[in-house]
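In the two complexes below, subunit A is the common chain; its partner is subunit B in one and subunit C in the other.
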Partner chain A sequence: MQELLNHSNEINEQLARYGVKFGIYKDGAFNERLFPFDPIPRQISQGDFKALEAGLVQRVRALNAFIHDIYHEKHIIRDGVVPEEFVYRSPGYLAQCEGATPPKLVYSHISGIDLVLGKDNEWYILEDNLRIPSGASYPLIARTLCRRCSPETFQKNKVADNRNYGMLLKRTMDYVNAGGINVVFTPGRYNAAYFEHSYLAEQSGAVLAESGDLFVENRVLYYRTDRDPVRVGALYRRVSDDYIDPLFFEPSSLIGIPNLMDAYMAGNVAVINAPGNGVADDKGIYYFVPKMISYYLQEEALLKNAPTYLPYFAADMSYVMANLDHLVIKDVAEAGGYGVIFGENLSLAQREELKKAIQLAPRRFIAQEVVDFQEMPVSEGGSLVERKADLRAFVLTGEDVTVWPSGLTRFSRDPDSFVVNSSQGGGFKDTWILCQ
Partner chain B sequence: MDTLSVSKASRLFWLGRYYERVATTLAYLWNWYDRMIDGAPIDYAGFCSALDIDCSYADAEAFMHGYVFDGDNPVSLRAAADAMLGNGMMLRETIGSRTLAYLELAVSAFESGKDSVTPTLPLQRVIDCIMAFRGSYDDCINDENVRNIIKCGAGVERLSLYLRLGWRMDLVQPEVGKLMKRMNRTRLVPSPDALRLLLAVKASIPPEEKASVLAAVENLFKL
Partner chain C sequence: MGCELSFYFDVRLAFSAPVTEHNFLLRCIPADAPEQRILSYTLSILPRSAATGIGEDAFGNRYCSGRIESAHDEFRYTLQGTAYRDDTMRSKADPPGFYRYPSPLTRPTGELRAFFESVPQGGSPLEYAAGLSARVHEHFSYAPGSTAVSTTAGEALALSKGVCQDYAHVFIALCRMAGIPARYVSGLPVGEGASHAWAEVWADGLWHGIDPTRGCAAREGYLKLCVGRDYSDCPLERGVFSGSAMQTQAVFMKVTDQ
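Coming up: the complex of A and B.
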């Protein structure tokens, strides 16, 4: 790794040259920052990756089956595996999607599964992201630039090539395409992940479009051009459910496409990922994923969840009340590292206040044991320090379910923090899948 | 795909206008930096008036810093460079990351010159990067319509600056010819009145007619 470290400055210059940034809103102002990159990669052996791959494929297959079931027959509720409160009171459940059947029955085309490697060398799933998981573009471009800056590193280390992500994305879009072009639909230049939207459009050969470029007529989505309108067959939307169609969801949305849901419900366009997927990546539903795997696939879950308690259940509530000081509490409505509270960091009064909040709205929270996950070396000011890091694996579902042989490793830059999100100051690393 | 959305066509056009604004104006100001070494006066008030921009600078030095480097000043060259990059960023999949990188480098060079005691050196890098961008998009973009919309934007901006800053008409007229050729290789629809007037431009016209030529240039495309 020393060669890569020796080339840190050149790598960072290359990242700046290609505008590898993310945006952040603070105090009402939008700022773009370079996404801090650490050249020391996470390395996963071929054997570990195969095991991880099998577990991730299994999990995503079950989650897809769950979403289909929830918006159709609801067997899993009727059979008492998942309580209906966890479905219908989830902010990610969209009644408007009842009966919607996406092309080829794929709901979560691009799944971002967050994992950590415990000190016991076991992978633990932290959360599933089935709406618009972001981050693949960063290790994708970082690999290209690292190879350019330090070719000797890649001559010595045989690493699975991750530069096929654009092709995998295109293949996924093509598979579900209902007839027409592929479009990456962005909320615009001032979105936090705008770099990613534009880069993935380029890499997959799709057209990058904003709401004003798209319109629906006779339940068909079109791209507005300087010639005749062009039909859109697959829409990789990077706009959240609430805002994609002002006539179906948030009426004040200016970044959506009126009547998009009409075109989607008619089967005339594939929306990637499908609206309504949030019902399956809710932090409360996470608890039930191993049960889903068993229910839909008749298999035991290959990957473990972090030990989780639902205060909704009386036994779990008692445990949480008695052990709050060493648990991490998560607000199911929050994302991006927000709403995560470590019991040990609270004063006695704050702990009591949190207990009351949990008792008042048990469905709103989950509690987890703090997974003692492995730290990773990070280069900082010329020396190596240890920092908490997670892994977001990307699983693409088209004709088959494929795990991208790479992933986004995020690390905390604060030595005392477990929170790795870029919006909270975290950095990123490339993820190497070793060929041997 | 050989079709473009209307918004993309507009961004391509404005990308051309902004890069040309930065490159041509920097070239124009180049010798002012040299004159300032000897304490020779520079007519920055006349320059602002010609460009119809506010002139609230305390002195020549404040003008050179504020007009060139101050990104918070909406009429500055730095703001134009940011707008150039902003348009480019929204066209990544159309112009390509490799070409877009030259705009990133131009803005980085601007940033590095802000506090430099030798601002002409980073500014020279800005011009170098813009020239590299011009070569890169001309070479890498296969779609003739796309290439020529950018060139139309650049042509309009160049003519606008030449007319405002008092270039001789025998230098302006060939630029009109170039713009017409580029326009004919796009699907842009020009304003008929503006087009008629520009096609009639001669190498020598009375000064009072320059304003109508400038208006025709500015109104040629509604983008």
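Coming up: the complex of A and C.
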């Protein structure tokens, strides 16, 4: 470990040279920050990982079943498990995707599930990211650099190799491929996550392409080459739903592919992740995920949600009104951590104002108990400090559902902050899954 | 009570300079539904090098997608055919849930809510909807050029004027506030020379056509081309191309009953 600490500056310099910045694409906007690396890894024992893995696989299977159901039969609404307005008012729900059936019925090929480890040693799910979860490249490249600086660290500590991510990604694309090559579709080099797009294309053996490199003809997607165009069978798109196709969605989009939705609906290309799957990672829908698990899989949820209340339900409303001072309130309409309000930080007047806002639009808010999660050591200016940290686990769905034996551990740089979102500043760590 | 409608559209788009890599999406092929059977249609597109496909979108509209790679300075499509309209054949299938909720161009605003509350409730859902339509019809003045295709219901109400699309959007927003499922319809009534927009509301287990611009019901004399939650779901034509050119459009559209 000391070895890695000694190389900290060197590794960060190399990351900066690679252009490793963190950009979170949410609600059509990029937040770009330098993303400092802390060499002390999060370590998860093999036993703990197995338990985590089972819970994540279960959760992603249920989410996938939910997305399929929502865009087809809607049993879960009819059976009264999820109120319909949580679906139809969700910004992630796209009526344009009704009836669309992706190859092999996979909707959430690459899921980024955010968790925290509570002081009670239990994992709690913070949120599901199903649209364009980014960040897998960071621990991947950090591991590569660490191995280069200090190979002996990885001989002494038996750490599961995480360099198979590219292979897992390729397997995910191959499984749903509708005939043709695999492409990583990027908005372009000015995008904050361009480094990740090019790196993942290289790692998975896919072609990296921008909108001008791709076109749809006769309901088939093609990649231009110097010679004949080549058919594309799987498109790992890193462009958000609104902008992927100027003819079916936002007409002003210059980074989309005209008629991509036409090729997709004809079943001629797999779009990874499937358009419209954001309906399942909505903050309001989060509340219902444990119910989805029992509804679709007839299983009890293995991983816990943070205790959550929906003011939409009368009983929850009275609880929230009575306990606002110790709850976290999240505005469902906002993302990126800015719409998160801690009741204890509000003045009496502000608290009353928030209560009124909640009563006026109950569907717009969720309330959660503050999960007291474990801190992790972070090296800061030569000494160790304790900081809050979360974990983004990457779950890939192909023929099987696989959890990547690693993950992105993000920590808050502000000692008082519970918000570990990189758009609020913060750094990252590698995540080691130990072989025993 | 049904009637046969023949339709003929000829739409020409002229570019001031050649364009390439032209991708388009046409929703002008009339929807084939129980109350409107398409007996025959022929769609032809110029230039002939256009590569096209026919698909069906999430709202049940038949569309033509296409691409013209090589340089051209004119794009033209003609569509002719016949439809059999019979409102007694309307489907009784439940409407999709999304027709009950706000859509991008019909989101409620404070002004829309106030306007909505000024209309007395009462009667059956269909009578209530007809009352809302009458209120829109009398409140709005028809003023071409005062609004654009992206104008929302809230913006149109603030102006109190607009074209058929705006009348339809405001009416649809009001219906959804009243809990009545409503959808936007693009099409052509017999005798009109350009496309028109109206709405359908779901009441008593059926869709009913209501035309707030004309202040009347929209029945068999209306040829339906496409439907959606609002205009943004079903523009008759959309296109993107490479090149710097001005576009001018010449439209001939005609529907006749026999």
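One rule holds in what follows: the second predicted complex is superposed on the first by the 422 of 436 C-alpha atoms of A that agree within 3 Å, B and C clash if a C-alpha of one lies under 4 Å from a C-alpha of the other, contacts with A are read in each partner's own complex, and residues count from 1 in each chain.
Simple rule for what comes next: a residue touches a chain if its C-beta (ideal position, glycine included) is under 8 Å from a C-beta of that chain, and two chains touch if they have at least 3 such contacts.
What you are looking at is a predicted structure, and each value in this text was computed from that prediction instead of being measured.
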With the two structures overlaid on subunit A, would subunit B and subunit C clash, or do they fit side by side?
fit
A:Cys97 in the overlay: touching subunit B, subunit C, both, or neither? Say first, second, both or neither.
second
Looking at the overlay, does A:Ala136 come into contact with subunit B only (first), subunit C only (second), both, or neither?
neither
Can you pull out the angle centred on subunit A between the C-alpha centres of subunit B and subunit C, to the nearest 10°?
90
A:Tyr194 in the overlay: touching subunit B, subunit C, both, or neither? Say first, second, both or neither.
first
For A:Ala16, using the defined touch cut-off, is the partner it touches subunit B, subunit C, both, or neither? Pick first, second, both or neither.
first
Identify the partner contact of A:Ala280: answer first if only subunit B is touched, second if only subunit C is, both if each is, neither if none is.
neither
Subunit B to subunit C: minimum CA distance in the overlay, Å?
14
Across the two complexes, find the residues of subunit A that touch subunit B and also touch subunit C.
none
Can you list the subunit A residues touching subunit C in their complex?
74, 77, 84-85, 87-89, 93, 95-100, 215-219, 246-248, 251, 258-259, 262, 265-266
Under the stated contact criterion, what part of subunit B meets subunit A in this complex?
1, 3-9, 86, 89-90, 92-94, 96-97, 100-101, 104-105, 108, 187
In the complex, the residues of subunit C that touch subunit A are 21, 23-25, 51-53, 55-59, 63, 65, 67, 69, 96-98, 100-103, 229, 233, 238-240
Any idea which subunit A residues touch subunit B in the complex?
16-19, 181, 184, 189, 194-195, 198-199, 201-202, 206-210, 212-213, 223-228, 230
